[in-house]
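Below are two complexes that have subunit A in common, paired first with subunit B and then with subunit C.
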Partner chain A sequence: MDFSMTPGTFLFEAWQARFSLLNGLSVTIGSSAITIVLATLLGILVGITLAYGWWPLRLLARLYVDFMRGIPVLVLILFTYYGLALFGINVPAFWAGVIALSAFATAHVAENLRGAVQSVPAGQMEAAKSIGLRFDQRLRYVIIPQAFRRMLPPWVNTGLEVVKGTTLLSVIGVVELLLASQQVMARNYLIIDFYLLAGAMYLAVNFALAQLGGMLERRFSYLRY
Partner chain B sequence: MINYHFDWSVIARNMDRFLAALGLGLGLAVISLAIGCVLGLAVAYARVSPRRWLSGPAWFYVELIRCMPLLLLIFFIYFGLPEFGIYFMDKTQSFVLTLSLYAAAYMSEVFRAGLASIPKQYVEAAKAIGMRPWQRQRYVVLPVMFRITLPAISNNLISLFKDTSLAAAIAVPELTFLARQVNANTFRVMEVWLTASAMYLATAYLLATLLRLVERRYASIR
Partner chain C sequence: MVEQVLLRAIGVRKSFGALEVLKGIDLEVRQGQVVSLIGASGSGKTTFLRCVNMLEEHDAGDILLDGDPIGYRVEGGKRRRMSETAVSAQRARIGMVFQQFNLFPHLTAEENVMLGLTKVLGKTKAEARDIAGHWLGKVGLEARRGHYPYQLSGGQQQRVAMARAVAMEPRLLLFDEVTSALDPELVAEVLQVMKALAESGMTMLVVSHEMLFVRDVSHHVVFMDQGKVAQAGSPAEVFGNPESERLRSFLGRFHGFF
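Coming up: the complex of A and B.
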């Protein structure tokens, strides 16, 4: 690698491409953040349905989760991208991708929440019932706080999967970090250098996210039974 | 959806291609898992080794691969290796190489956990009856470890099978690539993607059921 600042060297080209790369990085981070928030909210709903729902609803949730986990994310993304238009919903590729990724991550969060909630000893639920708490109070004050610590590590893993999954949005033409890097490479043919740069950026984002997860885990390590 | 008329004849006409593409994806997953298991076992032994010059690089390799998007790895190996003068691979071989390296990182974590979960007494007993180090591994540690890790191995096979869909990005003619092609040629959006989804789902489900049978067969000796 040549480190001088003349046209055709890595540093020069990277500096020239700084805005498109940073733009790609922001799209990657933005889509990941939206997906993680959506998937967490919906996943909590679906997960609670899986654990406590009325049985037809529970069956539906179970079918949804198993479907989502059996289909590759890329197929989901392509299906959503081409399929939504048929319903008369004309969304940009970015939103089609975010919807597909959220649908996928929702299933993972839901399954993870179900596991965590069911791993709380049954006596806790019974005790909460016997002191007369309503269902929402039992969840809010007794079950969720105890399940929270259990679901934290897999939740962080789902977050990492989502960040890595956003690369698939490049397939439907969303200019996120990977596609932005490839566009830069198409201009200057510095293939190795820019793939390594993109890799380092993903590594940085994922590493930061994993550290954040570790911090959360330590912060909530007192929640134990 | 109001004005959409289903026309499944497109799918029926292309069914042989769909099945061949599905078979290719399954084959890619199985080969990559096999290579990944061998590599992963080596990496797992390197990671539990007391020698820092072995465990350090192994740790770095696993963490690096696990933090990288698979699609980036696929592109890096497909477009990047020729820059280093490695020309002999076609796109399918290049994809198998990528998926194997990817699988190796994940399998090594599985095997590392498996190695750690083997009771010390097993190895001590093997020592006591005078087995050599490699005999202890071959006849005591590895058979037990494979039984313990079998469920995790089958999970990995299923997720590798789903990951073969990414081969579409470098035009390996597996199911997702074919579905995109047929979709572009015929515009039968719903039929094509429903078929592809159903095929992935059915195969994943079948694999899971089959592997559970295998697990039950071998779980008896613990």
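Coming up: the complex of A and C.
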């Protein structure tokens, strides 16, 4: 790599491309953040249905989770974008991608939550019952706080998968970090340099996310039996 | 004077699959009494105790608290389970202390006691904190109010669990082998708190293998065998005059104390 500031060198071209790359990065972070929030909220609902739902609902949730985990995310993204258009539903590429990724990540969060909830000792539910808490209160004040600690590591994992999964949005024309980098390369042909730069930026985002997860784990480390 | 009947069980039956563990239990607990259930493992005493606050659901018979049926109501000749909310309200009137303590590990000792007070009884945080302080003081743990369960010994955890149960001012307290998971040297501190509760007039239904405690503190002892009440009476009657060979051999296991 040539680090002098003349046209055709990496530093010069990177500086020239700074706004495209930052735009791409913000789309990557934005779509990841929305997906993680949506998937967490929906995943909690689906997960609780998996663990405690009335059996027809539970069956439905089970089918959903198995289906979503069984098909490639890319197929899901292409279906949401092109497939829905066939039915006259036109979703902007960005939102089609976010919906598909959220649907996928929801399944993962749901399955993690179910496992976490069911690993809380049965005595906790019984103690919560014995002081007269209603079902929703038992979940909210006793089970979920304990399940939360247990599902933190897989939850962070899902978050990392989502960030990496946003690269697939490039296929339907969303200019996120990967596609933005490729567009820059098409102008300056510094292919290795800019793939490395993109890789470093993904790494930075995911490193920050993993650190955040580690912080949360330490914050809840008093949860022992 | 004979106190009124607080808890009455009539023909309570319960099966786990093909195995019938309760074969028609009749039992009475009067206001202010300590009634102990004794018997070998598998005799059904813990299952019966758990039926009283609907941790297990009995298949037939009635359990009445203050005359109200627990968990099931007969409507139009059909036995119907009450709603989850109604059952929860009934459970709030019955406290329970468990063999494994079951303190909430994400809450401090004080918060463990406060949870039911604020969320079930609707007390303010400040009121609940005062009440929790009072009961933690009664069990000798006021200095540990800010500790998490893992920072407490088994005996201390069990005393917090008792404070959590009794702070709700239940009509009836259930004790399910509460000293069985404790190291021998910690048993005494827990039994002492139970004894103090009994002396304060709390109505208690106790499953225990601590025969000396059962003999000294109970008003009434119920010996259960194979899902039935085999003998019931005052401690003097049950321990002094065991009617069946079963009870004699059961008591004989306790180092010839009886």
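The definition used in the following text is that the second predicted complex is superposed on the first by the 223 of 225 C-alpha atoms of A that agree within 3 Å, B and C clash if a C-alpha of one lies under 4 Å from a C-alpha of the other, contacts with A are read in each partner's own complex, and residues count from 1 in each chain.
By definition in this document, a contact is a pair of C-beta atoms (placed from the backbone, for glycine too) under 8 Å apart; a residue touches a chain by one contact, two chains touch by 3 or more.
Remember, it's a predicted structure, so these values are computed and weren't measured experimentally.
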item	value
Contacts of A:10 with subunit B and subunit C, given as first, second, both or neither	neither
Larger contact residue set on subunit A - subunit B or subunit C	B
Touched partner set for A:127, first subunit B, second subunit C, both or neither	second
First (subunit B), second (subunit C), both or neither touched by A:145	second
First, second, both or neither for A:71, with subunit B first and subunit C second	first
Touched partner set for A:155, first subunit B, second subunit C, both or neither	neither
Partner chain in contact with A:86 - subunit B first, subunit C second, else both or neither	first
Residue ranges of subunit C in contact with subunit A within the complex	53-55, 84-85, 88-89, 91-96, 98, 100, 102-106, 115-116, 119-120, 148-150, 161, 164-165, 168, 174
In the complex, subunit B residues that touch subunit A	1-2, 4, 64, 67-72, 75-76, 79-80, 83-84, 162-166, 168-169, 176, 179-180, 183, 189-190, 193, 196-197, 200-201, 204-205
Touching residues (chain side subunit A, partner subunit C) in the complex	121, 123-124, 126-135, 137, 141-142, 145-146, 149, 220, 222-225
For the subunit A and subunit B complex, residues of the former touching the latter	67, 70-76, 78-79, 82-83, 85-88, 160, 163-168, 170-171, 178, 182, 185, 191-192, 195-196, 198-199, 202-203, 206-207, 210
